[in-house]
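Handing you this structure, nothing more for now.
Order as written gives the chain letters A, B and C; numbering starts at 1 within each chain.
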Amino acid sequence: MNSLFKYIKEVVYAFVSLAKGLLLTLRYFITIKKVNITEEYPDNRKTTISVKERFSGKVVLVHDENNEHKCTACTLCQIACPNNSIQIISKQIETEDGKNKRVLDKWVYHLDMCTFCYQCVDACPQNAIEMRNSFELSVYDRRKLIYQLNQPGSKLKEKTTVKEQQS
Amino acid sequence: MIEFTDITAWIHSLLLSVMTPTWTYIVELVLSGITILVVLLVCVIIMVYMERKVAGFMQLRWGPNRVGPYGIFQVIADVIKLLLKESFSPNRADKVMFNIAPALALCVSLMALAPISWAPGLTMWDTNIGILFITAISSMGVIGILMAGWSSNNKYSIIGAMRSGAQIVSYELSAGLSIVTAVALAGTLSTNGIIQSQADGWWILKGQIPAIIAFLIYVIASTAECNRAPFDLAEAESELTAGYHTEYAGMQFGIFYLNEYINMAIVSIIASTLFLGGWMPFHLPFDYPVVHMFNHIMDFIPTWIWFFGKMFMVIFFMMWFRWTFPRLRIDQLLKLEWKYLLPISIVNLFFAAVIIVLHWYL
Amino acid sequence: MENQPIPSPTELRTEEFVVNIGPQHPATHGVLRIEATLDGETVKNILPHLGYIHRGIEKMTESMLFKQSIYLTSRMDYLSAHINNHACSLAVENALGIEVPARAKVIRIIMDELQRLTSHELWWGSCAMDIGAVTPFFLGFRDRERILEIFEANTGNRLTMNYITPGGIMRDVLPTFVTDVKELLKKIKGYRHEYDQLITGNFIFQHRTQGVGYLSKEQAISLACSGPVARASGVSCDVRKHYPYDGYEKLDFQEVIDYGCDNWARYVVRMEEMKQSIHIIEQLLDNFPTGDYRTKIKGVIKLPLGEYYQRVETARGELGVYIVADGSNKPYRMKFRTPSFSNLGAVKPTTVGLKIADLMANMSTIDLVVPDIDR
């Protein structure tokens, strides 16, 4: 008699536990419009997509409105990059005082090798580069993935000395 | 409203005026077979779409919605993809058995459609052993699976086919006993007769507890027969890649896929015929004028809506089970059948017999 | 072939056959090849073959600077990326003897525990999926997504973050960090009852996991298992309790130990660990310190001559980082003692004698991440 009761209890317990699971999926089935978790990309590119501000999309060299950047071609970012995605090509020019100075010629960025690890931005002492959150970066031709980050005609932003600031 | 019997009578008279009665019989058989196939294929298309949408909704996502509005052309895209794939066979597979297996599985499933009653007067083969025929045919379904598993020359396929064979043969018993319960309540083996006996209420209401238990056991046992989750060891994706149809590609795999859905459709048609009334509208068995008016209102809804509505409701149950429950292991599955479902259905049959003899049903 | 024993006419001749599960397989959580010898349905022997995703991380670190080596460790066990970075950074900080500000310590622990939560959510989803139910996969990922949004908003990446660095953390968190995390924890606690409804209380799941996959306490110790695998067999081995690091000594949380030794015990231990992680984060959010987030290390990091070891508790078990430094700016040798490598040994004793379906259930509760095994 005892085993019969255990048998029936097991069957009833099985039914009840399975029914609870069924109710959960039925609730999801009926209220799908409210509980839906699909991110409907690419239909929502203009509407509800939310990419966070700090998302590491790609590296940019910051230019202000006068087309000036802050990179002094110190190559610290090139040393910090783990897999050689950055190539700093610098050139020597003559300043007005007659001294030889090294300035940036080309800031080459290999997007096809970049791992978006933020080490270059962290290593830059002048805060000249940052990472923007654009993520639609695919192209059909691999050669288009090698960018030159400094815009044509841009030059180094002159650092104002303390005397010039005070006067 | 146009009754289906009018259309069939018109076709019959048209054919009789042209050819001899023997030829009329043959042409009618062929025509009804083609019609049933077309209707069933449309149902299968709806079922495949429904499965993917139901799966999506239960998993908090939309399901297919890119091919056509709300994804209604997804099935057509899938079928075109399957048709364009290469159907090859493995190197040392048994070529004859390998190529026959899908066709055999499909033929066996389709044969079970003959005695089903789709509407009042519309039955392809109206015999008085309809249900017995269906049970006999559906137990032959295991041959196709075993042939497919064995002839693939692949260890995974053999394991899957053996599991599936053991499973189907065992669950035939409980399903059969539930059918016997319903047949005992109705008193006849012919599908038409069973549906007519539910004219004053479906058996699931009239037969009370034994009928409800028999219905549940039938749904569980037939889910196992169709190799659907939670009993889908034969094609357990996360264990053996694809079980008995691993080596099939292209349209041969498409035939197995189709066969699974046709099995589901047949099983749900039988469940709705035996317990839910087939094409019979929902009548209450009491004897009050309010109830008579209610029954009259129910008669206005066409019979094909009742039929397909019930069929899709049982199919929805089967899909609901699939996307909720984890899978059972093979020994747990067989233990469930032999130690739980079979004794319960025997006891249930005994109680149903007591109720029938004492006329305790409504 | 001669000299074969001729079976008597009444005996059925059976053979064992060898089945390769993997390397491409939906259930092995990575590329792992398991050579299983089967006798019908029963498993007679298991032989795992590793190395399909060996990338030479330890060799690569010998030619990279220290900060770059730390960035590489998040790719080992990518489900505990923060914790891997934390281990390496702690080793470097102990070697250099620098002090990390209090705010950085608290943020590091919060990121660690959030990472543990994401790892266990993913484990829950894939454990249920291996056993057959597909719906919990999406539920687990839904909750994981919310935590990953916080990671994305604060650190910039979702999977391999490179956020914890020697000296502190890379960037300060957003001003809304505390409110965001509080809201997130409320949502996660609200979803817990759905897990119980769908899987934990499910009759089929309980029968698939209870009594299956027995790993005794002696076996767990002799195989050097750690993490939830060992704690479910009664071995008390939580590194956060025995060798606390970086602020864990001040926190009040329990070490979750169960004596069941089977799959169900491992499942329960991980579910309980999720609750303890939430408890830890709540304690830290209540008094969130202000101040500096990083002590800047000047120039390129150069470790003094010597050997340094640091152990942490990842979501899988105990991770050990062993650095041999020779005074230059690159490590001479960096060795990782990864938890999944030792836990892999637990697959064989738990499965021999059971069925194939149990092999899948065992592997999913032992929770192997294959890139962690062959780094």
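What we mean here is this: a contact is a pair of C-beta atoms (placed from the backbone, for glycine too) under 8 Å apart; a residue touches a chain by one contact, two chains touch by 3 or more.
Keep in mind the model is a prediction, meaning the values are calculated, not measured.
The interface with the greater count of contacting C-beta pairs, when A-B is set against A-C, is A-C. Ranked by how close its C-alpha mean sits to the mean of all protein C-alpha atoms, the top chain is C.
Put simply, the C-alpha centre of chain B and that of chain C have 45 angstrom between them. With centres set at the average Cα position, the gap from chain A to chain B is 53 Å. Taking each chain's centre as the mean of its C-alpha atoms, chain A lies 26 Å from chain C. Among all residues of chain A, those that touch two or more other chains are 18, 21, 24-25, 37.
Within chain C, the positions touching two or more other chains are listed as 135, 138, 142, 198-199, 202, 204.
For chain B, the set of residues that touch two or more other chains comprises 58-61, 323-325. Contacts from chain A toward chain B in the complex involve residues 11, 18, 21-22, 24-26, 28-29, 32, 35-38, 40.
For chain C in complex with chain A, the touching residues are 64-65, 67-68, 71-72, 135, 138, 142, 145, 149, 152-157, 160, 162, 165, 170-171, 174, 194, 197-199, 201-204, 300. Per the touch definition, chain B reaches chain A in the complex via residues 54, 57-62, 320-321, 323-325, 340, 344.
Put simply, chain B touches chain C in their complex at residues 55, 58-61, 155-156, 159, 163, 229-230, 232-233, 236-241, 323-332. Residues of chain C that touch chain B in their complex: 17, 19, 25-27, 41, 128-135, 137-139, 142, 198-199, 202, 204-205, 207-208, 355-358, 360.
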